[in-house]
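Notes follow the structure.
Labels run A, B, C, D, E and F following the written order; every chain starts at residue 1.
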Amino acid sequence: MANVMVAPTPEVRRDDDPVIALPLPPAQLDAATKAYFAKCLEKIGFVPNVLQAYGFDLAKLGAFATMYNDLMLAPSALTKLEREMIAVAVSSVNRCYYCLTAHGAAVRQISGDPILGEQMVMNYRAARLDARQRAILDFAVKLTERPHEVEEPDREALRRVGLSDRDIWDVAAVTGFFNMSNRIASATDMRPNPEYHTQGR
Amino acid sequence: MANVMVAPTPEVRRDDDPVIALPLPPAQLDAATKAYFAKCLEKIGFVPNVLQAYGFDLAKLGAFATMYNDLMLAPSALTKLEREMIAVAVSSVNRCYYCLTAHGAAVRQISGDPILGEQMVMNYRAARLDARQRAILDFAVKLTERPHEVEEPDREALRRVGLSDRDIWDVAAVTGFFNMSNRIASATDMRPNPEYHTQGR
Amino acid sequence: MANVMVAPTPEVRRDDDPVIALPLPPAQLDAATKAYFAKCLEKIGFVPNVLQAYGFDLAKLGAFATMYNDLMLAPSALTKLEREMIAVAVSSVNRCYYCLTAHGAAVRQISGDPILGEQMVMNYRAARLDARQRAILDFAVKLTERPHEVEEPDREALRRVGLSDRDIWDVAAVTGFFNMSNRIASATDMRPNPEYHTQGR
Amino acid sequence: MANVMVAPTPEVRRDDDPVIALPLPPAQLDAATKAYFAKCLEKIGFVPNVLQAYGFDLAKLGAFATMYNDLMLAPSALTKLEREMIAVAVSSVNRCYYCLTAHGAAVRQISGDPILGEQMVMNYRAARLDARQRAILDFAVKLTERPHEVEEPDREALRRVGLSDRDIWDVAAVTGFFNMSNRIASATDMRPNPEYHTQGR
Amino acid sequence: MANVMVAPTPEVRRDDDPVIALPLPPAQLDAATKAYFAKCLEKIGFVPNVLQAYGFDLAKLGAFATMYNDLMLAPSALTKLEREMIAVAVSSVNRCYYCLTAHGAAVRQISGDPILGEQMVMNYRAARLDARQRAILDFAVKLTERPHEVEEPDREALRRVGLSDRDIWDVAAVTGFFNMSNRIASATDMRPNPEYHTQGR
Amino acid sequence: MANVMVAPTPEVRRDDDPVIALPLPPAQLDAATKAYFAKCLEKIGFVPNVLQAYGFDLAKLGAFATMYNDLMLAPSALTKLEREMIAVAVSSVNRCYYCLTAHGAAVRQISGDPILGEQMVMNYRAARLDARQRAILDFAVKLTERPHEVEEPDREALRRVGLSDRDIWDVAAVTGFFNMSNRIASATDMRPNPEYHTQGR
């Protein structure tokens, strides 16, 4: 019985499928985009598939990359690790395969702690976090699961562990961003670059 | 007993509170931003509070406005009304006061049908939609509520009512965007401009 | 692609549908009902559709109207505004188009504050409520969402803002009533009188 | 360790508590109410606690009893057993101790099948129902759990097993009614008459 | 209309169905199993259907019975009644017909309090429990509904009412066990022995 | 602001905490258990922490190990990989850190496909599964999330992809088992052996 032949169902897509389930023809890259992709290749060895997915429209790609870079790379009192931890904890609620893979790798790499990356993917409550990290992730996860119930006491909990009002904005903005990108990735069946899986192990 | 005096709880904020619950000092506006705000004033009579909320950091304001304008105003096979209907149906799931108010007004104005705006706020299933509109909103609401369960049959349902793969991207991107902005607005207790309440009635 | 012709799905009903999706022949009105309807016409200019919906059976209409009038209009330490605020906050949880429309209008009219009506429809937590109002709505919404978890501490929270045991009954009874009428309206696709949409704006 | 003495928590109420957790002084009964209570005593041997709970206000008691009697006892194409099965299936979703006890007894008594009563309390899907009963309970439970998602296909499912539009109204009205009374009972910690527990076993 | 003939749907199974919906041929009983079944007959008058369901494979039957007997009958600071109360409260969350029936009977019998058994089935919060019982059931129900949110404060709440760390293990293990057996029973449509329904009434 | 010193909250446990948050003294191992642990050391290089956690009571350890070994290692038409895939998909719903870590490793090792292991942890719907695997995991996840809604059509879906009634039992039993062990692990804050994290990468 274990060897019953089962035909693949029609809707099953194959491992060599394109980056997303929507075969959109790529745009002609302009110089700025080419330079951006070249920089990706130089720094991390590949162009993240999310950027390739957006490659059908340079205006959309630019808007996405600009916002992403501002949130995740620009100066903020949130460390880059904290921002990546938010990304993964939010993506865990939304069970987004692309973002869990890509940003799970980032947590492993930035922290140098592969287990921390796994914990963010599986259940952030299992990690040994300090009070600041825990409060940030509690806020991000509540904002993801029940945004309509976030109120002043939730902001106060962040202030109690030392966050300024500007820092609270940044927590909200990163949380919001991954609630967006999780849904774009899920809606399009976006596949992560295989390189992510082995990074930082 | 009806006249029991009850002191306001400490966390209750007042009606004349600022745009968001985080008192961030506004940045010095540059020429481009001044021009953008002036254009808002000219076209709709006020600067939307979400832009004022972002006014503490021009890079963030720019990234947000660029993405917003691309999604909601740039050419797409989704009509502007359809994009606004997605905005409101998504915000209804997330119960976002700011976005329901601002984009509920947009639905009323663009459609010329005030009741349609109310229905999007209350329960889009109560509206008399054609099959295309219904399929779009069903997709947007599922993607909002259960993104991890969106799969090929959901995309097929959109194709069956005539959407191209590019159109499906646009539905996903608008849905994602409001899942982001709903959370930023809820996290910061963003207050809508009072003008929205009366527009398009 | 935007002009794809899509046939209406068979289950889409039209804007000129009757008051409910169940075409029940109206009963012969008796004198008391005629007087009641005439009083509606005189006082608010129309007969609320919920009464017309019940018009197929005078016993049911009478039972409904008697209970409604007792709960919403009879003396109580809950103000009429508070009762209408409960009605709308409960109907928002249940996303009932009919009740949100009719009682949202009532909140706008009684309070003279159109924005308060919108907030009750969208997310009562966004309104600037005093502690008594907030406690009442917190109780009503918990009782709507998770009735099996309501216990003595929930009643105590109402007593702490000054409600008597009789007042608590009234909160429970109004909350219960709209959990009933929300479901009758949703089950029958009850359409609100169009007049409600513009009242109290 | 099994004998650790634990003081009762303050909020624990005792078995000899009154009918509800709100000690409201009973009204002076009028002749009609006295007759109604006497009839209860004669027919079932006790006055149901829900009526005693309402006894603080004869207008409210009358409105409740009138609606209850119309829904549960007046002529309808829904059998009395079907109406009681709806009552219990709805109360099971809402986990209402009072209504599960009182109406579970009614299912046992009317059906002469004690096991059917248990199944309605525990999980109606475990009962061996005919297609009509199953469709009625599926509708009632969906209307209880997700009223905003009830639409024409749900009504069609009832028509397919032979229900008329009037019958659908009755299913909706009984479902609505117990969504009301479940919440009033839970809000007030209403205790069922002990007699119910042994009826129909 | 009440007499419309409705054919049973094909998937409706009959009251004389076997113990589970999977007709697995019973294994040849070995001496130990025969003795175990004989002991059941002697002590309670029947062989519980769950044991008969496992009878297709003696290794599985043995593993199940060994674990069950250790958890429910071996020495523990949790009383047998407390263990049965956990069984029923957990099964109530999962709405498991088999386990609610069998272990509801056990609560009635061990406690000598038929009403307590009903309350565990319907909503354990309605029972008049001491603080220790309440804390145990609160832990068991949270662990059933939201296992990923159970953390040190939940264990602390059990310690506060006098439980040792070993006792906490036992609460967890019994809760876990019924989350297993609830699912095996639901997956197989396991039918309880009719004797349970009348025990301890 | 990024360097604010935050004292660890009292309930934060450290990385060198024992295997579970309940410091139960280990039992004196008997010969059989010593042999079992020795075999673990020989075959996989360590004694799984779940066995060490059970080490305070040899009867409980034996019962757990016997059931585990029967379900996961004994002959079945479900392949060992399929059983491990069920383990991880179930643990993903329950967000169990221990089981996701230990059985995620098993999926990677048995399949030789590290990405498949990640997909089971993150969202099994993202994996390219054949129809049989997909149906098995759909059943296991529904049985985990909504056991009370599993009925004959769910069993039929397994039969349609070739499962026998015995195979359906095995799917149910493995699903049930991990719903048990997920909860025991979560209730006790069980920590996985660090070796699991790197296995099969």
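We adopt the following convention: contacts are C-beta pairs under 8 Å (C-beta built on N, C-alpha and C of every residue); 3 or more make two chains touch, one makes a residue touch a chain.
Here the structure is a predicted model, which means the values were calculated and not measured.
Traced through touching neighbours, the fewest hops from chain C to chain F number 2. Of all residue numbers seen at the chain D-chain E contact, over half occur in both copies; the interface is built from largely matching residues. To fit its Cα atoms onto chain F, chain A must turn through 180 degrees, a value rounded to the nearest 5. Averaged C-alpha coordinates give centres for chain D and chain F that are 42 Å from one another. The distance from the centre of chain B to the centre of chain E, with each centre set as the mean of the Cα atoms, comes to 48 Å. Here the spacing of chain E and chain F, counted between their Cα centres, is 22 Å.
Residues of chain D found to touch two or more other chains are 13, 95-96, 123, 148, 151, 189. Contact topology of the protein chains: irregular, matching none of line, ring, star or complete. Here, these are the chain pairs in contact: A-B, A-C, A-E, A-F, B-C, B-D, B-F, C-D, C-E, D-E, D-F, E-F.
The residues of chain A lying in touch with chain E in their complex are 123, 125.
Chain E contributes residues 11, 13, 21-24, 56, 59-60, 62-64, 66-67, 70, 74, 94-96, 139, 143-144, 147-148, 150-156, 165-166, 168-169, 171-173, 175-177, 179-184, 186-189 to its touches with chain F in the complex. Residue ranges on chain B touching chain C, taken from their complex, read 1-2, 4, 6-9, 12-15, 77-79, 92, 95-97, 100-101, 114-115, 118-119, 121-123, 126, 128-132, 134, 161-164, 167, 189, 194, 197-198, 201.
Remark: chain F residues 148-149, 151 touch chain D in the complex.
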